[in-house]
Every structure is written in structure tokens, then in C-alpha cells.
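What follows is a short report on a single structure.
The letters A, B, C, D, E and F name the chains in turn, as written, and every chain counts its residues from 1.
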Amino acid sequence: MKIYVILPILPHKGFEELTYKEFEAAKRPGTEIVVKSVRKGPASIESKYDEEIAAPWILEEVINAEKQGYDAVIIDCMGDPSLYAAREIATIPVIGPCEASMAIASTISHKFSVVTVLTNIVRLFDEMVKVYGFESKFVSTRSVEVPVLDLEKKREEVEEALASESRKALEEGADTIILGCTGMVGMAKALQKKLGVPVIDPAVASLKLAEILVDMKLTHSKIYFPEPPKKKRVT
Amino acid sequence: MKIYVILPILPHKGFEELTYKEFEAAKRPGTEIVVKSVRKGPASIESKYDEEIAAPWILEEVINAEKQGYDAVIIDCMGDPSLYAAREIATIPVIGPCEASMAIASTISHKFSVVTVLTNIVRLFDEMVKVYGFESKFVSTRSVEVPVLDLEKKREEVEEALASESRKALEEGADTIILGCTGMVGMAKALQKKLGVPVIDPAVASLKLAEILVDMKLTHSKIYFPEPPKKKRVT
Amino acid sequence: MKIYVILPILPHKGFEELTYKEFEAAKRPGTEIVVKSVRKGPASIESKYDEEIAAPWILEEVINAEKQGYDAVIIDCMGDPSLYAAREIATIPVIGPCEASMAIASTISHKFSVVTVLTNIVRLFDEMVKVYGFESKFVSTRSVEVPVLDLEKKREEVEEALASESRKALEEGADTIILGCTGMVGMAKALQKKLGVPVIDPAVASLKLAEILVDMKLTHSKIYFPEPPKKKRVT
Amino acid sequence: MKIYVILPILPHKGFEELTYKEFEAAKRPGTEIVVKSVRKGPASIESKYDEEIAAPWILEEVINAEKQGYDAVIIDCMGDPSLYAAREIATIPVIGPCEASMAIASTISHKFSVVTVLTNIVRLFDEMVKVYGFESKFVSTRSVEVPVLDLEKKREEVEEALASESRKALEEGADTIILGCTGMVGMAKALQKKLGVPVIDPAVASLKLAEILVDMKLTHSKIYFPEPPKKKRVT
Amino acid sequence: MKIYVILPILPHKGFEELTYKEFEAAKRPGTEIVVKSVRKGPASIESKYDEEIAAPWILEEVINAEKQGYDAVIIDCMGDPSLYAAREIATIPVIGPCEASMAIASTISHKFSVVTVLTNIVRLFDEMVKVYGFESKFVSTRSVEVPVLDLEKKREEVEEALASESRKALEEGADTIILGCTGMVGMAKALQKKLGVPVIDPAVASLKLAEILVDMKLTHSKIYFPEPPKKKRVT
Amino acid sequence: MKIYVILPILPHKGFEELTYKEFEAAKRPGTEIVVKSVRKGPASIESKYDEEIAAPWILEEVINAEKQGYDAVIIDCMGDPSLYAAREIATIPVIGPCEASMAIASTISHKFSVVTVLTNIVRLFDEMVKVYGFESKFVSTRSVEVPVLDLEKKREEVEEALASESRKALEEGADTIILGCTGMVGMAKALQKKLGVPVIDPAVASLKLAEILVDMKLTHSKIYFPEPPKKKRVT
């Protein structure tokens, strides 16, 4: 099975490699991974504005992936940018880490919280929770207040903040934590150990969901995501 | 008061003029209207894909509007494309016809339905209803099955279909109708007379809401729509 | 356009004048305002009991307003007393400040709170929020603990309490504040400046909504607010 | 135990006696019933307008009941007029047939429907369902289209319409029926037999709830229904 | 009327007597009470696991009760174990203390909290609240952290903890308290006095609801609780 | 990875083999499957009563599975009997086909319907949907009216009924179908082809979810499913 991972940010070699290694480590035997940044867009995604600046170029990659015969596409950003637009133009499964994480969390928890990078994007989770229908399982989104591009550099600080914000989430009623940025690579396991509750890595969740959707020959319903009418479009 | 109306589609002189006349007719004395199409994007908006293809260019116009000293921006499409992203980068009110129509409908009805152009975009209203929080007031979205660009050409057919679909909506429990496309210019009044129930014209609703937000010196809360962090962005 | 403002309390000259001035200041050119207290009822409204004691006399004024050719009626109390009963007997728009404020707030915020006069009436907002369908946008109602009739006298204390209670509301998750009493005349702007978030003055909101409903030739749906059957009624 | 039944309509001897007999037949040994019409108000209740015209005079009787040492008050109308205002001014239980019926229905059914007199008041049940919090148990309100004052005269027609409307409610997903008017005296049992599903008589439900609240020494929480502040009130 | 009270725990003479006395004290004249423990199962119920270990033996007693001509069955445990399964195999009313308490609480309060024995079972109330449809009335479940079998022994400690946990619930927004274990025998009245808000004893609530359902000749709808198909079953 | 599949029905050789083959066909390389019926319980599960008769013996097998070192447990029945009780006593993932199917469906659809065996159990899905929190994604449960044990015998009839009931579900608004019985072995693919929308096989869904939970080292949160206190229990 071949999975196409779109990084919806400007090309950044280190980040592509980090992402590739992460998916390689998490994939099951026989899964092939390609990681691809977008041609144009923002350096990182920390607002709806960033998501929409990236949108045409994410969608371009989704079309590429299907043309090249990939079995599934992952849009590797926790805001699930362009997820629904992508499903309109694709017939292979297109997966968003946020939706994947929440669906998996829903099977092991009563209530979950997200711990993300910046207060700025807390609102985006509220909106995704509503659209995806997880209101009754969702407690809160908390943030470590470190920008995406500093996550690796400030790794220790981030890990400490993740633990302390997660603990606050547990006090608020969560019993499971979802990491709120796909850039928090490899931080889930240690946090799970520290907290003693399930911690979900969103990139891994998206890969695992992709694998089983392909196994089950399932893709998004074209009734709900119909193909857009043909027309002139300039990008 | 100066209001900047963004047509989130490729420039099309006839449509710009039609839109301008519509807003001129509905505005109150002292309001000044400018209508502006986007530089790039789709010929019309009939999918989430179209919305996202238009996104960077809508946002460009939002920035222009604020720079040029306009008092408010209307994104003149019933899908409210880029509404929330726009609010992040603007401090003047940015108004979407769908949200404006639903807010006004909520004050005169118990339950409303939308009658739009194509089945394809019915789903977009479900998502807006969830994000805007009008679930308990919303009945259904029905469609006349005429593409946006044919609305003027097939005007008679559209008006008949609007009436018959609206009647079905009333049977389903609606007591008020929202026209589901800003291209249904000037069709609300006749329909309201035919049906004997309130019919809301979304472009007019967006203009009227813009006027009173400016009057009241209200704009969207920057807590909820914070300014995106500065960073490299390529469009 | 002529708008009839019903003060649902016993006649009190100072308060009528204050109200008149407030509406005059907020109206747009060409709007004509009349302010009218009810013949019988309570000295102020601070409970459901007060609202229902006033009810027959509010409804009497609604009938007067329509007979005298007014274009719209505002029931100038944040509890929206008799709003739905009034809509049954009227064909012109009848507007309540609470519903108007919440509808407008819904277009600029994610979540709003109300700051009202007394704990006693906090519950009334819970009930209005449910009936109006704003559950998913509503955070809380807080109170300054000053009775309606003392608001002017204790203006400074009230303004301080408004600021501190509003700040607590923001901590609870609100991003927008609605003043919870139409007697809090002229306090919105200063509070908005202090807090840096939108603050809605309910009397102004009701006037602005009245103006645009009249503009748009919209009134409440008579399907939802049907005319009561004729019968003997003794008041 | 002494229970005060308020008929919130103009005095009508036949109806008082009919009501008295109905409560006498349903009460348990030791319960004492008094039935009292209001001094002023409407001939019958078939709108919110009627309810509010009756309001001050219902509240007057609530005060009388408590002063005279009654153990509980029933406001004998399916619209539960003035229920919450009454609870503010009373410390003894005040019971509404609609709320009582829905609470009892909730313990024996998954989903219930109401079958009432006129389409006109269908909306009132929607509002009560929201305020009382029974949304997830409520299916629909249907009506027999016979005015309250004709229910006895057209008894046969009413009983047939009750059966046919109830069957439609069952098809819609209800498994239990609530009679939607306290004037449908003595019709529940035959209907229950005909349909083979539980049918709740709202007057009887209110009496039974009154009896057990008194038994259990429970009354409405004064936190939620606080006493109104003292002030001038003219009725 | 004859009511069969099932104690869903291993026989324990002291507890059967205590329960019998409690029901005797609360019943109205003419009600006959039998208390019966299950043959097999757990010593007490403090988890879903305990409930399901008890299930076949509770259901056995439900069958016995109906065969022996009882008018109603109470499953005397706050987790309402086997309630819905029991209703499938019975035609007489089967009542659970939790559902009964919440239904009665819904008629006197806006929001209620439960104060139960152990944190372990807090989750069970969340699930019952969802299934019974009381989400909009429910605030929280708090616990005194005393196991069921120690409630009598540590009575003083329990009563203090009940008061302090209830006060926290009131601060969280509750206005009414439901005791969260049927083993908290005779503690409701004193607590109600201490707190000044309604406190519901679940065992008493179940008895009172049983009495009026029998009075009203109401039982659970067999549409919702259909008889299971005949088949081989080994217990 | 070793997965223990519990058939919560009396041993029935043919059915064990059929189930084993189904899981073998769907598993990925390296997964080892054991299928185990319960010692006691019902011949099939078609009611809550059946589920609770099976409960102690399902739980016994869950304990066996963990003791024997299995990595995950599947309770192979669409009613997810004893799922939550099992999670209390297990630390390895325990998976129910209904919850797994709904979680996966939530990632590819807007709204899904279930098509199950008998009207009798339609209600069980309503309850699971509430507890699992999928209300906003759920349309309806429909049934083919064939008992579980006849599914194989009447295969052709079942497949036709599945198609026609699924089509009705699509008309009701579903865009994805979940097979509502784990006994509908091997019917999903043909139905998916016939309908052109995703069809989820619940047994396969549970297996695939089990595989990825084990991959991700995730199990249910012990905060939400705490270990039951030690005590005497007789089965």
C-alpha cells in the first residue's frame, strides 16, 4: 500500500525528513510512504488564514497523489486543512490527523482533550469538533504556547508543558489526551507513560486509519463529498 | 459608510453590475458600495473545492478593503468562503451572507430552511449550521438544481422551483425561507408574497447586518479571531 | 419609519426621557421614536412574576402600536416579556432586546456572556437561550447585584462591577459581552473600550434590528406565531 | 393533603364541576381537592396570548392557595401558564400538567408525542420541551383540530381524531402518547386500550405528581425560583 | 398494591431489614412491600462489572415478581442494573431509583447533581443521564468516597461528606441534590434541612413513582421494550 | 499479535468456524485469531435480556483472554454486550463491533445508518449511539426482519432486504451503511458495490481497530474504566 503524506507548508528539508522517519517508524510492513510539501503556502500553519493560503496547493497535491496511483492521502497537519475540499476531488481516502485522532480516541475514552501549540488555534478545534460531531466527547483544547517551528528546538520545554497542560485537562474531566500538532513528533509515548492515560499521536493515528481504510476498501462517501462541477478555475 | 463587496469568483462584468445594482437598491442613504471580483479563483462557487481555490484571492481583497479604509467587508457568496480566515486578518467587520441570513432568520422564525442551487452544496449548509450554532433552528436545505451561472438565464424556471421547494420545506416544519445563493438576485420579495412567509435575501441580509454593525461600532471579537503570527507566506 | 418602544413598567417620567434620549441617539436619520410605559404592572422587572404582572398591559400597548400605524414595536426590557404573545397578535415586527442582542452577538463571536442586574434573573436568560436556540454560543450570565432602579444612582459602582464581572466571563470562555439590562443606558461603549472585546447594548441592538427588519420588509412568521382564536377575554 | 386546582380560565360552572369530578376520581384516599377558576382572563387557553392575559389572575390564586394552607397547587392547563412565575412567589409545590406528564412519560418510554387541540398551540409544546429539557425524548405534537370548548360536545369526533393522530405519532417514532389538553377529560384509558401503548392523562399526571411531592416533602428549589424583590406592583 | 423490591446483591439479612423498614416508612397506606435479594451476584454494586455479574439473577427475580402477581418491581440500586432488560421480560412497571429520582428532580429543579459513594461509579451516572435524556438538567456527580457496605458504619462521616460535596455541587450550578446510592438510607431529610434545597432519596423516589404508575395503570411501552424472541438460554 | 474473539452465545460449531474464517480473511499478516463461545448464555443475542444473560460468561472469557496473554479482545456481537464492564476488569483493549464501526464510519461519512436483523433491537442502537456520542452522525436503524440464526440459511433474502433497507436509509439522509449484525458475514462488499456508498462490516471493523490499537499501544483509559473494588462475587 502506498500512502502520500502532504505537508501543507513550504518545503523545509529537515521537516520532510523528520516526518518521513516518523511515518516509517509507525507504518506496518508493506506500507510505502512518500512525504511531499506544497509548492506555495505558509511556512507553518497556525491560523485559519495559513490553512487557506495553503489550500490551492494542498488540493493540487491531492490530485497528484490520486493520479500517481497512491492508495490514500494524509494531509499532515492537525488543523485538517482542505480535508473536505480534497474529498470532493478524490476517490481514494483522504485523512486528516485531527479527525483520525478523535475517532480513535472516541473508542477508548469517555472524554478527551487536545493539547496544542498556540492559543491562537484553540478555536479551530472547537470548529472541527462541531463539524466532526464529537461534542459530547470533547473537554477542552489547551496549549503549550510554543510556535510550530520551535517545537524541536525547545523540545524539553515542550514536553514539560505538555505534561502540565495535560494534567490540567485531566482535572477538567478528560481521561485521554490528543497531541494537538503533528509537529509534536515522538512525544506521545513518554507523555502516556508520565500521565498513565492514553495519549494519541495524531500523525500516527492518521497513518493507522489510512492503513485500515485501505484494507477495508473503504473511502469517504461520494454522496457526502460529490465531485465539483467542471468549470473554469484559475490558480 | 463605505462597504466593500467581494465577489469570490473570476471577474464577470455582467455579474459585477448586477450585484452592484442589487446592493445599491437595498442600501440605506449614505452607504457607499464597491463590488470587486477576485483576481484568480473559480468561475462560480459550487463546492468546497471552489471555495478553497478562491481563498487566497478573497483574503487578498479583504486586506485591500481594510487598507483602503472601508468600514466593512461582505464576502458575497452564500457559502461564506474564507469568512473566519478573513476575520483573523481584519479588524473591520467581515460579513458572510449565510451567517447574516441565519442570524436575522433566528429573530423572526422558529425554524428555517435554505433553498439553494445544487444538491452538491447542501452539505456546506449543514457544516455552517453547526459552526454558527443554529442547529436548533434549522430544518433542511433544498435545491432548485440550476447552476449558479444559469440562474439569470433560467429565471422563470428558478422562480417556480424556488416556490415548490420552499413549499416542501414548509411541510417539513420550516416557517421561514432563506434563499441559498446570492445569485438569486431580486427573487425574495415575489417568493415571500407567493408563500405568505418571510423570505430572506442573503445579499441584502449581509448588507443590512454590515450597516448596523458599523452603526454600533461592533466588529468580530479578536479573542476568537486572533491575528495570525507573522511568517513567510507564498501565494 | 416609526418605532414604538414599550417600557413594560409603571410610568416613571425620568426613565421614559432617559430611554427616549438613548433611542434618539442610536437611531438612524428618518427613524421616529415613541416611548410608552404600561398602564399597570410592576415598578421594574426583576423576576418572571414581574413580567407576568405586566403582560396584559404590554399586550395592550402592542395592539395600540399596530393600530396607530407604527412600523415596529420594541418591548424595552432584557427579559423580552410577552414577546411571543405579542407576535401572535401583531403583524408588524415585535422585537425583544435579549433576542436581538444574542442574534447580533452570534455574528461576531464564538461565545458570549450576559452581565445583568441581579442573580434573581440569571435563570431567565437560561430559559431564553434555550427557547431562542443559542445554547452553543452561550457561556454564562453574571450579575452586578444592583437593582434596576438603582442603576443610574449607583452608576460608578455599576460600571466597575460590569468590568469585573465581564472579565470573569472572558475567563470562562466568552469573547463578547451582552449588557443584561436595558437600564444600563450608555454603558456599553466605555466597557468595550476597557475590555477590548465587543460589548452589546441591548436597547440599541433592538432598535438596529427593528430598523433593518422594516427595511427588509420582514416580520415574524405567522406560521409560528398564528393569530389567537377570537373569544371572550376579560382584563 | 389539600390540593388547590386553578382553572386559568373565566368561571364556567360546568367545567369546574367536570374538573372536580375528574380529580376526585383520580385522587388517592385522603386527598382533598378544590377547583378554582380565575377572576379575569380568557374563556379558554389556545395561545400564548391567552396565557398571558390570564397570568396576573393565576398568580393571584397561587398566593391565595398558599395563604389558605394548601399543600400544593395545580395550574390545570396543558400550557403550564405562569408555572415558573408561580414558583417564584410560592413555597408549596406548583405543578403544571405538561411538565408532570413529560416527567412521568420519560420513565416509561423512549420517545413520546403530544396530541393536542389546535395547530395554533403546537409551538407552545416545542418551547416547553426545550425549557423542561425533554428534547431527546420528544417526537412531535399533533392536533385534533377541535377548540377546547368543543371537546365535550364533539366527544366522539375527538376520540376518533385522537386515535388517528396518535397512530401517526407512533409511525413517527413515538411509543407513548400524552394527551395535549386537560380538557380531554377521561379519554386516556380508552385510547390506551385502543392503541396498546401508554397514554398519559395530564390532569391525572399533575395530581399524582402533586401527591408524591407532598409525600416526599419536596418542593421546587428556591435557588432556581427565588422570591421576587419587594416593589410597587399594580394589577 | 404489592411492590416487589429486588436487592441486586448477595443476601445480607441486616440490609434486607433496613431496606424493608425504609420502604415501609415511605409507602402510603395500602402498599405492601416485599424485599428480596438475588441468589447469586456481588456483595455490593460499585461497578458495571458488579451490575453485570448480578444481571441474570436480577432478571430471574423480575420474572418471579410478575408470576407471583406483584403490581410493580423496584430494582433497588442507584445504578438501575438490568432495568431495560427487565422491562423487556415484564409487563408490570419495573422502576429504577436513578431514573425515578431524575424524573422527579426534573419537575422541581433547573439543574441537579448526584452525590454518590465512590469515584468509580461516577461514570455510570454519565451514561444513565445520556440514555434517560437528562443531559440538559444534569450538573455533576460527586462522591463521598465511602464504599456501600460501610455507609451505615461510618454514618456520621458520610453525612458530613454528603453536606460538603453537595455544597460543591451547588457552587457548580446545581439547585437540587439526588442521593447517589440507595444505601444512603434516611439521610435525605437532614441534608435537605442543612442545605435549604431539595434532596431526593432515590429509594423513596422509586417507591413513590411505582405507586403512581400503578394508580395510573401505566407501564413501560412495549413498543420500546419488546418481548425477547423465545430461544435456548442457559444460566 | 494475538486477538481473542468472544462469541457471546452458546457454543455452535458451525458459527465458530464461520467466524474464524471471516476474521482470518480480514486480518493482516501476523495477526493470530482465536474464537471462543461462552459457557452459558443465550443461543443468540436479540435483546438486552439476551445480552445480560450472557454477561457473566462474557466477562469470564475477558478475564481468560488477558490471563492467557492475548493483546486484545473482541466481543463479537453488534450489541457490544458487556463492553464497558469488560473494560473495567481488563487492561488490554476490549473492542465492540458497533463502537468500532461507528468510529470508522464517522471518518468517511456525514451521516450513517445501521441495517440490522430485527426491529426488536433497533432500540439498542439508539442507546449505544447516545452513550458513544454519535448522535450528530446517526440517521436511523432499519432491519431486515430475519433472526440471527437464520441469516446464513436465508442468505439471498437477507441480501435483498439489506439492499432495499439500505436504499431507504440513503433516502432518509444516510450516506454510509453499517451492517447491524456480526452474523451478516461477508455481505458488506457486494452491498457496497450495489449501492455505491461505503458499507461497513462490523466484525472486520472491530478486528481492524483492534490491530491498530495494539500497534499504537493504546488501550481504554483506566480513569474512565477503573478496576472494580475487590469483594465477594458468586456466579
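Please note the rule applied: contacts are C-beta pairs under 8 Å (C-beta built on N, C-alpha and C of every residue); 3 or more make two chains touch, one makes a residue touch a chain.
Everything numeric in this text was worked out from a predicted model, so none of it was measured.
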item: Identity of the chain that, by mean CA position, is farthest from chain C; value: F
item: Chain whose mean Cα position lies farthest from chain B; value: E
item: Geometric centre distance via CA averages, chain F-chain E, whole Å; value: 30
item: Inter-centroid spacing, chain E versus chain C (mean Cα positions, whole Å); value: 44
item: Residue list for chain E, restricted to those that touch at least two other chains; value: 110, 123, 130, 136, 224
item: List of chain C residues in touch with chain D within their complex; value: 10, 40-44, 46-53, 55-56, 59, 82, 84-85, 88-89, 118-120, 123, 127, 130-131, 147, 224-226, 228-229, 231-235
item: Chain B to chain C touching residues, read off their complex; value: 26, 28-29, 93, 95, 99-100, 103-104, 106-111, 132-137, 170, 175-176, 189, 192, 196-198, 200-201, 204-205, 208-209, 211-213, 215-224
